[in-house]
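Structures given as structure tokens follow.
Look at the two complexes coming up: chain A is in both, with chain B in one and chain C in the other.
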Partner chain A sequence: MTSETMPRMMIIDDEPIVGKRLQQSFAKLGLEVAIFTRPEEGLAAMAATPFDIVVTDLKLEGELDGMGVLARAKAINPAARVIIITGYASQETANTALREGAFEFLAKPFRLEEIKNVVLRAWEELR
Partner chain B sequence: MKEASPAEVFSRFQSVLRANNRALELIADLGEKLGGDYLFDRRYIEITVDSLVTTVGESIANLDTLRGKRHQALHDAYQRLTEELRLVLSRREDRNGPRFLDLGAILPRDLALVGGKAAHLASMRHDPSLTVPDGMVITSRAFHDLIDHNLLRPELDTFEALMADREADAAELDRSRQRLERAMTRAEPPPGFLPELAASLRLLCPDDHSFLAVRSSAQEEDMDFSFAGQFRSLINIPAAPETVFAASREVMASLFAPGAVSYRRRIFPDDGQMSIAVVCQRMIPSQASGVAFSVDTMNLRQDTMVIVAAWGQGEAVVEGRIPTDTFIVKKGPEPFILERHVAKKTHGLYPRPTSTGTGAMGGGLGQGSQPAQATAATGGLEVQDIAPERQAIPCLTDETILTLARQVCHLETTSKWPQDVEWAIDNEGALFLLQARSLILNEGSAHDRALPERLAAYSLLSSGQGRVAQQGIGAGPVRIINHPDELADFPEGAVLVSRRDSSRFVEVMAKASAIVTEVGTPVSHMATICREFKVPCLVNVQGVLGKVTDGEVITIDTEDRRIYQGRVEELLAYNASSSMNVMASLEFRLLRRILKKVSVLSLVDPMLREFTVEGCLSYHDILRFNHETAVQTLVEMGKDEQRILSGHLARRLALPIPTGILVIDIGGGLTPEAPANDLPLTAVASIPFASILKGMLHPGIWHTAPMTVGVRDLMHSMFNPAHDVVNRQYTGHNIAVIGSHYVNLCFRLGYHFNIIDVHCGPVEQNNHIYFRFLGGVTDMTKRSRRSLMISTILTAFDFTVQTRGDLVTARLTHLPVEEMERILDILGRLVGFTRQLDVKMESDERAEEYAEAFLNGDYEIASL
Partner chain C sequence: MPLSLFRRPRSIRAKATISLLIIAALGLGATVTAHRAIRRLETKITIIESFYELNQKILETRRYEKNFLLYGSPRDLREALTYLGTIREAIGPVAAFLATTGKAIPLGHETELAEYQDLLQQISVISAAEVPEEQMAHLKEALRSSGQALTAKILDMDATARAQVEREARGYYLMSLAGIGINALASLALAMLLVRWITRPLTAIREGAAKIGGGELTAIPIAPPISDSEEGEELAHTLNQMLGALAAKQEQLIQSAKLAVIGRVTAGIAHEINNPLNNISLTAEVLLDDLPNLACAERLDMVRDILVQADRAREVVRHLLDFSRACKPSAWETVDLAVLAGRANTLLRNQVKIAQLTTALILPEEPVAIAGNPNQLEQVVVNILLNAIQASPPGGTVIVTVGADHERGQAWLTVDDQGPGIPETAQQRLFEPFFTTKSEGTGLGLSVSFAIVREHHGEITATTRAEGGSRFTITLPLKLS
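Entry: the complex of A and B
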């Protein structure tokens, strides 16, 4: 597999440990992951180069929340797979997110394996 | 006051149990997250701790209701612990505790007070294979006292707020920083401070001519962030309160030095809070000293380590000031020196002579003379020439090099991370380790895109199997353990592979590079211990014993749940060079400290002296205390014969064996069809009780012929009534209080006395067996032997056992239902087996024979 076929992945979460942990975890798969703690930074990066997989929390520090990121990300790149991770999960928010086009919705805390499986599924779909 | 009806009592008892169980579940949940397999955030911690605080409060309130009174001492303990927990959460626990602590007196819970470096030194001191100089710590509590006494709190708050703000104005931050730095160097000691310091120094240095190395020990320091060189160290300081205070002020002020501040901005951009402690160690007058790395950073893939050495004090090596020798040592069970690079050592760093010109250690006048200036970075040291004949010879002998190499590698194995160690050889040739910290490596392999391909080149022994008890990557030769007794010669750095987990593995946790078991869960005792020791651990890897052979080298990657054949250097390098050790992140550290306050159990058994409210050091202790106190209520009710025997409250058990047990059902313990009296085994719905009875009914267990009790033995029983403690618990009837998942069995069989308390349900985290055994008809010696027999048997089933004379207490927790049923059956057999056996315990060998026989299923021996 050449690096051109590697998906570009981004994580937006206001807690630095989340991005770093996931970055470390996905590095073993050979995936390069960009991490941001503010949604504006993430979206700016998305506007500069397309990202295939976006993992975002719902509650963020900045003008946007996760749903806003979802909308903007899909506007920039309709093929992007957006995964919502959040500690504020409820059935309602999950349903809303999925309805609005999120690829998957994970409630924190979750096992690393769970998010890896979701990302791998998204990767599969993108190919 | 109207007495509660039995039904009400049972219902309230159930409430206590329910609250307890819910709290235990939450505690286990927190513990599981610490394993590293989960992604969690601060919010999870806060929510869960909140629930826990509430639930423990409920448990106490329910107990109050049950017993019809307020347990004030319990409420006080609860308040105290909750306050301590809040301090941990708000990260103010570094203000709570003594100002001065001897290194030898530091406990793991003092970490926040003494800082990373001192905590690490304290644990190294407990390791018999390492020699660490004596020392004491001026704690972060002292730091905070200085801040408050000198009215610097508002400035510090401002500074910390700026540090936490990424957008903060750099000039404003610098001004605040400078103000604090200046103010700290001029800080006045609060009242009592110097006399207290003097007392601590006198304990550390009883003679008058001692000198100290005064170094920083910041909260985050040496956990995973070395802050190398950013804080001050002052060396060769006379051990007098004024000089030590002046030196420690300098060290504390260096928290606000430009280098330290910019380091913090880079590594902890969102965390403004940090305090500092000061560790004062006795100086080792060094013949030679230097630094050792347990890996060769230039060559991560080779299995080598590096030692750098110079004549004199090691600060010169650390600061790169002088020519040094370098030695490369190949690691392994038989280390050997690969390379020697001997430099021309023209200079060395030595203690500056005092003004009387006597030089070096011990000759000075202490505080009377001009003390060594505490303002230069090297304090009382100076560069001196080395005699020409010593310049070209290596400053370490081969023997010393290998000794040092072994100790450093040992440290790496116990710390589970590469180490950066400062060491010194004194004038007698003895080796001392002065400091040790985690080695931070480059990010090289963390972003190695070819890593997946490289990994594909290795053979996989297992993939995707098992559950993660503790995250990490470890490699080493396999050592299969079939029985805990085999742990005695466990090799250093080996991978422990076993069928089932055992809390006895704690004996080798420091040595093991990883643990793999065929059965087991991430919530077991052993899993908890793995997390404390940070030993990578995979449990429930079915069939693993068939896939590995003793002695073969394997690599465990818990994150991917893979076991590779051989040593996968790429993974080990990846592990070592990860840009952040997750385990040391704020959230993990917070979680670990919270768990110390909630889950560590000190109160083991009510029959032991320390089982008091004052002895409650954690929430778990409180829950345990509540449980036992609640049980007491039922027992007391049982003593009231009127209440018990009327209204069919207690029903007799009708079994082929004469147990004389009365059953009290608090709900769900009996089937709906159960008769009003003379209950058959089939009427018992209580899972744990049924299992115990099954064991007692096991063929061959209950020998019906009474033992021949000698006259002497009988005399003993007449003149040695059972303990008062026993009488409090024992009612005169054998009583089983049962629920669908619960039993408390309190009974006297033959001449001895048992209490078995069990919770056995679908939620593993709530399951426990507490077992107590006491008394007997004969003399103390025979009774102790019987205890020996019982304790041998219970240990074989992985109970945690304590014996005191003729009292045996044991516990086993967190097992799944099937395991529990099996073990309860065995307990039932044990109870039957030991009836009156102590009269036969003529010798220790007999005791062992009986234990052996029982474990082999040879129950007939008891009736011989």
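Entry: the complex of A and C
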């Protein structure tokens, strides 16, 4: 990946509004944003064309949760920056996520500014 | 009913006192009667004694008369006359005595006495002068027969008096026997009445307590015969106060167990509130950031999103409040067990999601109506469902089934999980207070659930299913429509 190409970003959250709003916001910054409510779909898309930044909810319906997404995304693209967001945050789950290689851990409700800063930091690192 | 007169005293002490006083009065009456009888018998004996004296005097007089007739000594005649005087003197008090007794004995001795005295005087006067032998013999003969008549009269009086005294004595004897009998009967009746007075309120309290145990009553009704007794009323009142305190404690316990349940569902609830909050805040921020560039339709769409998400959060809070609200234990109403299962499932929706489980609700089309406290029953279902969620491995399914057995008049709800089942060692103690297998458990959940279901005349059982996992079954009586 070069500095000229825009990073590709994926958002997985079973709350469709989260995806919709973040897409609105980050598209304005020039990122290419794909949104999914089911982790399987997101990972399938990633297997086709790897994403650089992955934002995923921790608790997801179905067999995969945010930690599963983290592992799979890292397997597909070890350089991917995975940001985990959750509505039920505990220090323990945050520590586990970070140890497993998450870039950042954000508790819902978060401010738009917060997630923007995290994503920009990840972008910076990718460059 | 004449007994109502005796019902007036209300305390056991007053009843016992009155009864003992009555028994004492009866005893005193018997003693007085006996004493009076003895006194009267004494009087009779005195009368008999005076008749004896009279007899002696008559015999004495007749002895002098006989001496005179044999030897003709005027001295004997004078002695006889003197004795006759003493007889007159003695007969007065005897007659007076007889008059004082209940039945006066007719005397009628005056004629004989007067005739005898007259004859004695005649002879004494004549003997001084010379009278023809024939006339003298005639007078002597008259004197003898008059003396005999007087003796017979006095002896007859004596016999009559004796018979009268004996009759009266027998009367007193029978009277005292009757007195003893009446006393014994009255004392027995009074003792039985006293026992009844004391035991009837106690029996009524015991029956009331049994009914409370059976769930028919919530307090001992203070009515006759309990209210007829001061101590009974106090005892029932104290017991009712104790029952009230116990009910309050039970209510507190149920509430504590409920708070413990709420503590266990915090994760799900937090998740469920944080999600809409996050949606609201994100949407508002994007609106704020980008308002001028957004199309009007888009702005409207976003505002609607905010409102929908606010409703969602409000709904979660409402469910939680509905659940946590303490309900009066007596607030029974018709409850649809299927609706109840749905509500419990809604409350735990996110808990299920967090545990990466799915729930299946198998509900009948017809409502399953039972009578009870919806709040408490929901607490039971939530508690059991939560246990099933905690026992299930990720990816498992918790199945809640509601049904009705109309033939047996029973409604039932089962919760099946795919957990490890119930360990043999826990099976016996599962519903005991403070028994828990969880390190952070209070051991109140199932024991309180058990108490609530029992109060609703139902049963709750737990088994390990043959195919694995445990099944909790609640059966409750169907409400007859």
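What we mean here is this: the second predicted complex is superposed on the first by the 123 of 127 C-alpha atoms of A that agree within 3 Å, B and C clash if a C-alpha of one lies under 4 Å from a C-alpha of the other, contacts with A are read in each partner's own complex, and residues count from 1 in each chain.
By our rule, a residue touches a chain if its C-beta (ideal position, glycine included) is under 8 Å from a C-beta of that chain, and two chains touch if they have at least 3 such contacts.
Remember, it's a predicted structure, so these values are computed and weren't measured experimentally.
**Student:** Can A:E63 be said to touch chain B (first), chain C (second), both, or neither?
**Tutor:** It touches chain C, and chain B stays clear.
**Student:** Using the superposition on chain A described above, determine whether A:L112 touches chain B (first), chain C (second), both, or neither.
**Tutor:** both
**Student:** Comparing chain C with chain B, which touches more residues belonging to chain A?
**Tutor:** Looking at chain B versus chain C, the one contacting more residues of chain A is B.
**Student:** Contacts for A:A27 in the overlay, against chain B (first) and chain C (second): which applies, first, second, both or neither?
**Tutor:** Only chain B is touched by A:A27; chain C is not.
**Student:** Output the chain A positions appearing in both contact lists, the one against chain B and the one against chain C.
**Tutor:** On chain A, the residues that contact chain B in one structure and chain C in the other are 15, 17-18, 21-22, 24-25, 28, 87-88, 108-113.
**Student:** Where on chain B does chain A make contact in their complex?
**Tutor:** Listed in rising order, the residues of chain B that touch chain A are 33, 37-44, 47, 269-270, 446-453, 455, 559-561, 574, 578-580, 582, 585-587.
**Student:** If we count contacts the way the header does, which residues on chain A are in touch with chain C in the complex?
**Tutor:** 15, 17-18, 21-22, 24-25, 28, 59, 61, 63, 65, 86-88, 107-113
**Student:** State the interface residues of chain A toward chain B in the complex, per the touch definition above.
**Tutor:** Those residues of chain A that touch chain B are 3, 6, 13, 15-18, 20-22, 24-25, 27-30, 32, 37, 85, 87-88, 108-113, 115.
**Student:** Can you name the residues of chain C that touch chain A in the complex?
**Tutor:** Residues 267-268, 270-275, 277-283, 285-286, 289-290, 305, 309, 353-354, 356, 395.
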